[in-house]
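Encoded as structure tokens, here's the structure I'll be asking about.
In this document, chain identifiers A, B, C and D correspond to the written order of the chains, with residue numbering beginning at 1 in each.
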């Protein structure tokens, strides 16, 4: 906390919003908890800093930013006459603050590598429940809302929908830190346009162009930042590193790593065996465990592991081709054969160095948690129907692109 | 690199300056070198992110920002008729790009803990010389300027003086990432006001208020950010951790750490024994080695080490008092005794948990590399004489403050 | 000029771009000319300040901003190897600087009221030709390019096309001054993405999402700002004021106004009788003539004129309905009759107080000066074909809306 | 109003603060009143746009900005436990909104030319009292506070002191619109640091560096912007124009001007004869009356008037010398004689074309409404005593500069 720590007023500096206020002592204590402090060591954008050198912001900062926007949203809705009790307000602040607390190191990149089939939201929930015990049930309503079990649905939508505070913060924040100014969305205006109708979160009619622009900005951020091909290939290498490491560990090879990381290298954790011990270990795991291990593994005798790690640390990444159509078998084989020949890799090794796949991006998902526009006459329409000409229906079709990675000669 | 990698144009996004251009292939290759890539893993502001959650920017980004400002400065000076050859321009770009390459993990905080009495500029020079060999002497002029041996002194001043590109970038950058908007200096305007007279860098008369404001902003950043008491105490704890770790290692206790870090824990490196091997090891050392070791040491059996590490990772920092006058012996003894009694520490242990010292800040150093103002009539005056009323002479006296740290009960 | 006026360097402060450099003495002299200084008294956005209180920026500032962007564009294109001679560069700076010099008071709002059927670009050309005489032919190439007669077509496109420097400045500037942050386009990035292929201005493939976002931002600015219904109705009232004033003058009624304004109230100026005298009178006409006359006319005995003027000055504007379908005759008659009855207006008077019409906006015009995307393989495609999913073809259909204005009771 | 005009929520866009909320219907009605709407036609910075082309913002915008900051201040003080009733809050919003409503055209420049010895605050008070009648006494408390007659003094200090909302807005706003980024003060942070102690407005200890920076920024804005020599000379010419016009009118010469302007040219208005008629006429007077008259006077047969007007409109301003010491009689006479000889002016004419004087700036006035710092131990000190080294005492001495203006040959 930077500014004030007195009983009454806790304020911290934020490069994006100016100042952020911590509304009460419970939230202050949650932020101070080691579970939450861990998020200071989990980067928001994984390896994107290899493309955008400014992108070193953390989950910690994002979570606090979300809470700040939630305070704005509650203020606006109350101003418009939507009744929100103090208890409900506090619950949505907590829910949004903790919504990402289950993210592991390198966030999305390793979500399927550290554990198997356990979505980070599920882990967030486990953390919340543990904290709820520790804080004598004060998080109960927050958990209820987070799970979508509370009867006032718009509160859930503030936490999870296509215009939730999560997105309003991360798009703005990621745009800010990468310097990709075009991804900058006007979170404040979108919030000013929010309202509630029939227990559903809606955007007032005059906000329609802002919503359009939000969707287009999101699309731009996806292709230009989140799915940038250099960031993509770095992430793929990271996944391969984990795969190789787990493979070696399973073969009994000794790998230098932190105790917490070692735990997840050794055990295949899934929904069934994710217990309290796992949670405690997870609570000690962050980017530093992973990256410092990778640095050590550069000098490991396993050449596959060593090469992968070296390419990541020294940013000597594989070549990547990105195209709009799937690669044909002929294309794929050609690359495989050429690499095999040049580097003399075994078939087994090849899969660590040559790989292909698809990525996709859907600027707007018309099938769930749609953005609803409230017209002056009281009508409500999905944004895809409300927008006069911008073909948001078209934007709601996923766009697929196809990549292939292979070593530079 | 984000934007372009063709032969002709290399551009990358920067949240502060918009776009940064990499002027030529040699500089591109230097940036791609593992020595320089390491700076991606060295934070610019050490542990300040514990106070300002946005402050995760790196030495890498700062170095590139400096190079960008240097391009602006060269452009402006040439526009004003100062002859600067292509070779000289390239040399100052390289010199400023690499001026901080010798920074170790956590920059200033650990400068005296990793090695003993080896200033980071000296290590930067070692890196430059090694790179010069690798790049066939193409860095020779840059090194000459960096060492202050080139006959055109203003080129050196662009790299090292009270208005060098280093300061113009880091004050702006640190202000930006911390969100302490008042520290924001107008680097662009200061550069626009630069000129050269009698081979010395000067600021034109109309820039006088900008210089004043730069000095006041710098002062503000020092007290509000760099010497913020929470950041200060975190740094002190970090230094204590290193001290304890080295002590334990010297006693033969096994400490889990990376190979590179272990090297520096084991050996007392100073100017005399800093050889090429040391340099190569140093080149593999960054924040990740240190922080991941500290995380592991939380569960070490040595209680002093363990406690210190835990307080850093979970941000449960000691209490700190900051005052304008030195602590009296009575005050000091009182605190020592109280802590001793409460925690039952030995005298030896006490020095890890209770400590005091002084910090100081000099907004402007009137004794070296002064800022010179060029008047319209051709006169040159030191800023302390040129400013009409703002008492910069007063600001050039160092201000001392005194801190004392001790555990919370 | 603010910063410097020496022979070598002329720099002025700009809230948007930081600093703007005036590249040479000829351009400096053109800016100092009374013809150009007049633009300081012509607002860029007419009466939009009645909606957005910050929108008081002028044609003067816009023109200088355009010239600044043109310098950036020339720099980038040269950097990419496009040969542009000093003479050509200077000509495009002049052409863009003067492209709007023919705008009369309140810009677009009164374009058809002050003169009849004389487009402002035509008047700009007359000014340029007069200046060319005064400056001994130094504007000849600028004029040739401005008229589209120069053999290198991309130079013309920098001045007039769907991605010309005019649009890149005004969208950014209007967004900045209105505070409608979502209209903020990334002019700098769009310029960085420009290139020339087969003598045509193109945008490189990776700029595709930026172009999309530019088109969407433009659309948003149209509906939210340029065609905002309060601004619209104010403009309509202004046109009615002019109409009534001309009518009265033609009937021999005495109207207090400046000499220059009086000239245009008295004479119907069109392409045929727009002579040098007209130009000289036009050169003395600006927002101040019109607005100060309107203020005086509040106390004129003609009630129609007086009421219209009063509603504009005191911002007591008529009611306006905006809808997506044309008003039916029944709707129209109903309103007419109601107003007639309430206010007891004659049929003749009614046309000054009740009126309807259509407005339209085309985010992208696919029929002329298209935005061309250059792919890495050398192919060129129109943005409507190049964009994967955003239906720019849909955006290129004009959207029509229909308004009806009538007095508040 | 741009955004919303419903009963509940009125929001308008602001380029500086994002969004501004109008807190209630009374304030909405005051803003809509013609007295207040007039401020849309009174520029905040007079003729400064001749130096800084962006500086076209108005008193209207400034007044609304002040009200916005006042809402922030009330929020923060209440958050810190200072009791402020709804009625008091509303009163300070009104008082700050209307504090400048008595400004005439070109604000400070003409304060002594339009009327004689009637300070604009006095005219503001007259407007408030008239409005209070119209609004049935709803402004009574606002007027009481504005006059300094309310028992809670800190409310008055929010409106008028060295850290009042007026200064916090205008410094920020003028810095923003001129593009002089260094004048940008952190109003938000200063407000966050406010508190009330013994009924006096104070700044908390940790805000001390922000106050220092505020004072230095203010000083910079004075010398670089408000007293910029080109702006200064333009203002002096404007005053001379008024003087000459009044002189001619008093001699019975016919001058074309608006009725309202004519009233003030004809009558010498002072505190004694400033009656309700005067107020009504004043309420119709703005920049447009003055500037459009000046434009007409360019072709007046009086050469003095004509020349002065022409130099202002076409920005062909006299030469100005600015120096730190008074001009000697010898210097003065030399210039007078030279101009007399060159232009063949009579002694009477000379005083319109050659003049000299002094300007001064006091960054901080230690004699009234001092800025008080509240220390953690409860002590209060004036900022001049509280600041450790920045010599604010020195800054509180006025700095004088001396100018002399004369025609260019």
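Everything that follows uses one rule, which is that contacts are C-beta pairs under 8 Å (C-beta built on N, C-alpha and C of every residue); 3 or more make two chains touch, one makes a residue touch a chain.
Since the structure is predicted, the reported quantities are computational estimates derived from the model, not experimental observations.
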Chain labels contacting chain A and also chain D: B, C
Relative to chain A, chain with the most remote C-alpha centre: D
Whole-Å gap separating chain A and chain C, where each centre is the average of the chain's CA atoms: 43
Between chain C and chain B, distance of the C-alpha-averaged centres to the nearest whole Å: 49
Where chain A and chain B are represented by their mean Cα positions, the distance between them in whole Å: 31
Residues within chain B bordering two or more other chains: 18, 181, 189, 206
Of chain A, residues touching chain D in the complex: 3, 8-9, 11, 18-19, 79-81, 188-189, 192, 206
Footprint of chain C on chain A - complex, ascending: 181-182, 184-186, 189, 206, 209-210, 212-213, 216-217, 219-220, 223-224, 324, 363, 388-391, 394-395, 397, 399
Chain B residues touching chain A - in the complex, by the definition given at the top: 1-2, 12-16, 18, 32, 34, 37, 40-41, 43, 49-54, 56-58, 60-61, 64, 176-181, 228, 230, 258-260, 284, 286, 288-289, 291-293, 295-296, 299, 313-315
